Each structure stands twice: as C-alpha cells, then as structure tokens.
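To keep things simple, chains are lettered A, B and C as they appear, and every chain counts its residues starting from 1.
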C-alpha cells in the first residue's frame, strides 16, 4: 500500500497540534505567563535596585526560562495518551519518532518561541544592558528547542505514570544543566561587551545533538510507556 | 555463579582495603602543605572513581538488557544504582570534609564537586523512575533508556561544569585528586582503588542476586530449587 | 486491492505474557487468513485486551512471535501497521476536533482519500449529520461509530477490534456485524474481542476461549 511521505506526515501532525493548541490558547500560554511571573519575583524578593537587578538578570532570565520549560513539558504528551490518540499514532505506518518530533516542534512554537520573543521585555524590566538583548534572544532561540526536546524525552518516559509530576522535573533538570550554564554565560558575556559567538555555537551544538538523538529516544520511550 | 564469585570479591576487597588503609594512614608521609588532612583522598579518590564507573556499568548493562532483552542485565543495572549513588555521596561527603580545613568552608563550587552533585541527581532520577513504575518489565526498559540518555550526558555535563568553573573561580584552588604525588603515597592509593572496585563488584553481585531472587519469586525453577534444599 | 488481501496471513505462535507476578497466557498459537474471523472470548481479567495489544505490537510479549505475510512483525513494523486497523477501548478521538477533522488527520498518515470516501463512510455508520460538531458533543455511541468509520476508511485487510459493541444500541450492534460480514466477504480478516456473541453468519469464524 502507498503510504504518504514523511514530509506530509510531519506537516499533518504539526498542523493538527497547532490547531488543537490554538483552540486552548490559554493553556498554551501558561509557560509564558509563568516565565514572566517568576522574573517578577526576584525584584520583589531582593530589591528593585537597578545595579543589583542588572547583575543577576542573566541568571534570572535563564533560570526562569528553564522552569517555564519544565512546566511546559508536563502537557506535551499527556492529553494524547489519555484519550488514546497516541495509540493510533504508534500504530500508524509512519515512524513514531517523526510524529513525536512534529509534536515537539508544534509544542516549541507555542511554548518555547514566545519566551524568545518576550525576552527583550523581561530583560528591560531587569535592567539588562541593551546590547545583551540580541545575544540573549539568539541564545534562547538556540536553547529552547533543546529544552523542548529533552522535556519531550522525559515526558515520554513518564507519561503513563500516576506519580509523574515531580519526577519529570527530577529527570529533566540534571540533563539540561549545560544549557543553563552556556545560556546564562552568553547573556553575561554579552552584557560585559564580550565576543559571544563561541558560546552560541556550543548552544547550537547541543541543539543539534538533541535534534539528532532525541526523536529516537522519544519514540522508544513512548513505546515503553504505551506497553 | 554469583554465589561462587561474590565471596572472592568480598575477601579480596577486605584485604586490599585493610592494606591500603594501613599504607595510607601510617606509612605514607604527611603532605608538606596539607599535613595529615590529605589522607582523606584514600577514600575520596576511589569513591569518586567508582561513582562514575558504577554509572557506566549501570548504563552499559541496562543497554545490553534493553537491546537483547536479558533480564539478568536489568537486575544488575538496578543493583548498581544505589551502590553508585552511595559512592557518589561518599565522594561528596569526603570532598567537603577535606574542603573544611583546606578552603575553610564545607562546600565550594569546585568543578569536580559540582559534577559529582549533578551525577548524584542523575542517580536519584534513575532510582525515582524505577520506583514510580509498578510493572517490572516496563520499569526495566524505561530506566534503561534513562541510563543511556544519562551516560551520553555525563561528558557534556562534566565539560560544561569545568568550563563554567574556570570562568568563575580563580585558578589557585587546587583540584582534589590531581596533586603531583609521591610513590609512597601512590601505592596505598592504588591498593584502595583496587579494593574499592572489588568491593563494588562484591556489592553488585550480592545485590544483583537478591534482586533476581525477589523478581523470580513465583517462577517454577526457584520453587524447585528451594524445595530441593529444604 | 483485494487481490493482495487473498494471500495475507496472520500468525501468532508461542505467545506468553506476564503482568507483574501473574502469567496472563502462555503457549498461545493461532492464525487467520483471508475471509476468516477469530472471536476471542473469556472472563474478565484473562488477558484478552492484553493479547490484542501484543498482536498490534503495542505490548512486547515475554516470548513468542507475531507474523504477517510470513514476516516477523517486530522487524517490519511499518508494513504491518499499514495493513491493520485497531479499535481499542477508547475511541482515540480528539474531543476538540470534529469527526471529519479527526479522521482526515489520521487517514492522512495512511493513504490518499478520494473526495467522497469520507462522506460515504460517515453515512454508512449513520453519522451523516454530525460531521462538523466537535467530538466532545457526540454521545458515547456516536463516538464508537466514528471509530468504526475510521476502520472502514483505513481500507486495511486486518481489523483488530476490542469490544466494538460497547455503548452501541441494537441498530449499532447490527451495523458492526454487517460491517464485519462485508469486510470478510471482501477478503479481509478480523480479530475480535467481545463478551457477547457476534452476529456474523458465515463459514470461517472460529472462537478462542481464554482462561
């Protein structure tokens, strides 16, 4: 039997997930709202002094982005497994890794990309020097896909579990620590006026590694979870 | 097999550790800078080595179990995790005890200590995932996948943490375990290292055996074996 | 199309599955060919659903092998999945999408649909008027019917049905029987798990009792 091509399948999955996401735009916006709220906590908890905030801004932006991605990972596959549509995906003639990659892409477009776009606003509120903003955006654009992909792997591993909540964070955090280190450092270096292309290429390398390995791991994990 | 090998590893470990301890505590000269405080490396260095080694053993045995569907390997991986986590904890504890007289504080964000800490989190994640899945078969395979993801990540984490550390810390803090070392100091260290490794395999075999027995408690061959002895 | 269905053969040999400490089944062998229906029955908890999931390739058996057209399914998963359709306990529909949206996405992963195929299938299962409302506002029985429409549209030789009669009224149950009969006459094959007796009246139906 002639099965539609990979590109077609990827696009179909992507479009379906985006359409579903936009029907519940409030839910999809949760990680973004969370990101902004966590960054507002720091001035409240420490002090509104511009010098202090500017000093901690790189760390705050990156820790908040990381936490927002944890929150986002929870919802990546849960619905599909609960209503049984994931079973049908696993039984389709298309590679499950491809379909899950498409789902993760849609998920990144709705939860990762908004963080990148929101970064200048948050950076400004934290008195991050203006010259650090473009680098921060570039670094976030390279880092958030990695966060989504790692989140996808771990979400696929834990999706069927009743006690999944805190576990997911415990699994994701150690693995994404390098992203935090390089990302925060990129912002930090840029605000000190240093050359950042080296750090950015490290982030890009991590993204490529995640992009090449995680779809297979996600599919394997999902098949285990559906078992 | 486990019953015959385990005592060998056990006695060998005991012998080596006793010899290493005597050598390390009494025969090796005190460090001219650190005095007797350095002697804690005889515990610290072997534990730090084993913390990594145990993870690799765990991940490779889990990978073999996942690919060729061998239950024995899954049992070994499950047995290795708590042992590895304990060695990681020991490495962290001895590192911070050593740090108190050296750096004047219990904890510094030294690259190696930080990497050990992240490793401990990886072990915790592995054990938590195992514990969260009721079905043994699924727990085996899911945690095996996690261990493989972790082992790919360890070099990246180590590299990034070291990179981070050189940027933030003045280079004057000497790293644990890499001093230029005297032969008299080195021999006990090697003995301890070998002894700890034997001890690890001893624990692995004993725990692995217990793990297999508890899994197979309903299988016929086990009932037969127990019936024959009692 | 049905020509290639004639020589399709499904075989399961030596299947064994454990759930925790309990062995659900062991040394299970069966096979079906074109035009044959295997009705799998048994009390609750005898592993009927688990067996179907093993057959589909969702669950790994402890031992044993499933073969389709003589090929081990574990090694040619995509080929096997292209030729089966599975109706599980759940209808596997997105509540926020309409029946048409749900079906056109899933079938888009499998084959090109003709212009009228979708409408025809929905009419056959008696849902001609409920196609554009979100699935969440359909009744349980209507959702079942959407799942049956998916079965039809997949145009796969092997149907694997887990309790297809659930939630259906008398007319709906008769519809399931009619669809299965038609599928068998066209050279297809059916693996059916159901508590109750099916209403397929033709040769080539067998029963497997699980205990």
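Here is the rule we use: contacts are C-beta pairs under 8 Å (C-beta built on N, C-alpha and C of every residue); 3 or more make two chains touch, one makes a residue touch a chain.
Here the structure is a predicted model, which is why all the values come from computation and not from measurement.
Enquirer: Note down the smallest number of touching-chain steps it takes to go from chain B to chain C.
Expert: The least step count works out to 1.
Enquirer: Using mean Cα positions, find the chain sitting nearest the overall protein centre.
Expert: A
Enquirer: By CA centroid distance, what chain is farthest from chain B?
Expert: Following the centroid criterion, the farthest chain would be C.
Enquirer: Chain B to chain C: how many Å between their CA centres?
Expert: Roughly 49 Å separates the two chain centres.
Enquirer: I'd like the Å distance between the centres of chain A and chain C, where a centre is the mean of that chain's Cα atoms.
Expert: For chain A versus chain C, the centre distance works out to 37 Å.
Enquirer: Find the geometric centre of each of chain A and chain B from their Cα atoms only, then give the gap between the two centres in Å, rounded to an integer.
Expert: 32
Enquirer: Two or more other chains touching the same residue: where does that happen in chain B?
Expert: Within chain B, residues 135, 137 contact more than one other chain.
Enquirer: For chain A, which residues are shared contacts with two or more other chains?
Expert: 227
Enquirer: Which chain C residues sit where two or more other chains touch them?
Expert: Answer for chain C, listing residues that touch two or more other chains: 60.
Enquirer: Could you list, by residue number, the parts of chain B that touch chain A in their complex?
Expert: It is residues 118, 121-122, 124-125, 128-129, 132-133, 135, 137-138, 141-142, 145-146, 148-150, 152-153, 156-157, 159-161, 163-164, 167 of chain B that touch chain A.
Enquirer: Across the complex, what residues on chain B touch chain C?
Expert: Chain B reaches chain C through residues 134-137, 217-218.
Enquirer: Tell me, which parts of chain C touch chain B in their complex?
Expert: 18-21, 60
Enquirer: For the complex, which residues does chain A have touching chain C?
Expert: On the chain A side, the touching residues are 1-4, 8-9, 12-13, 16, 19-20, 23-24, 83-85, 87-95, 99, 223, 226-227.
Enquirer: Which residues of chain C touch chain A in their complex?
Expert: Per the stated touch rule, the residues are 56-60, 78-79, 81-84, 86, 88-97, 101, 105-106, 108-112.
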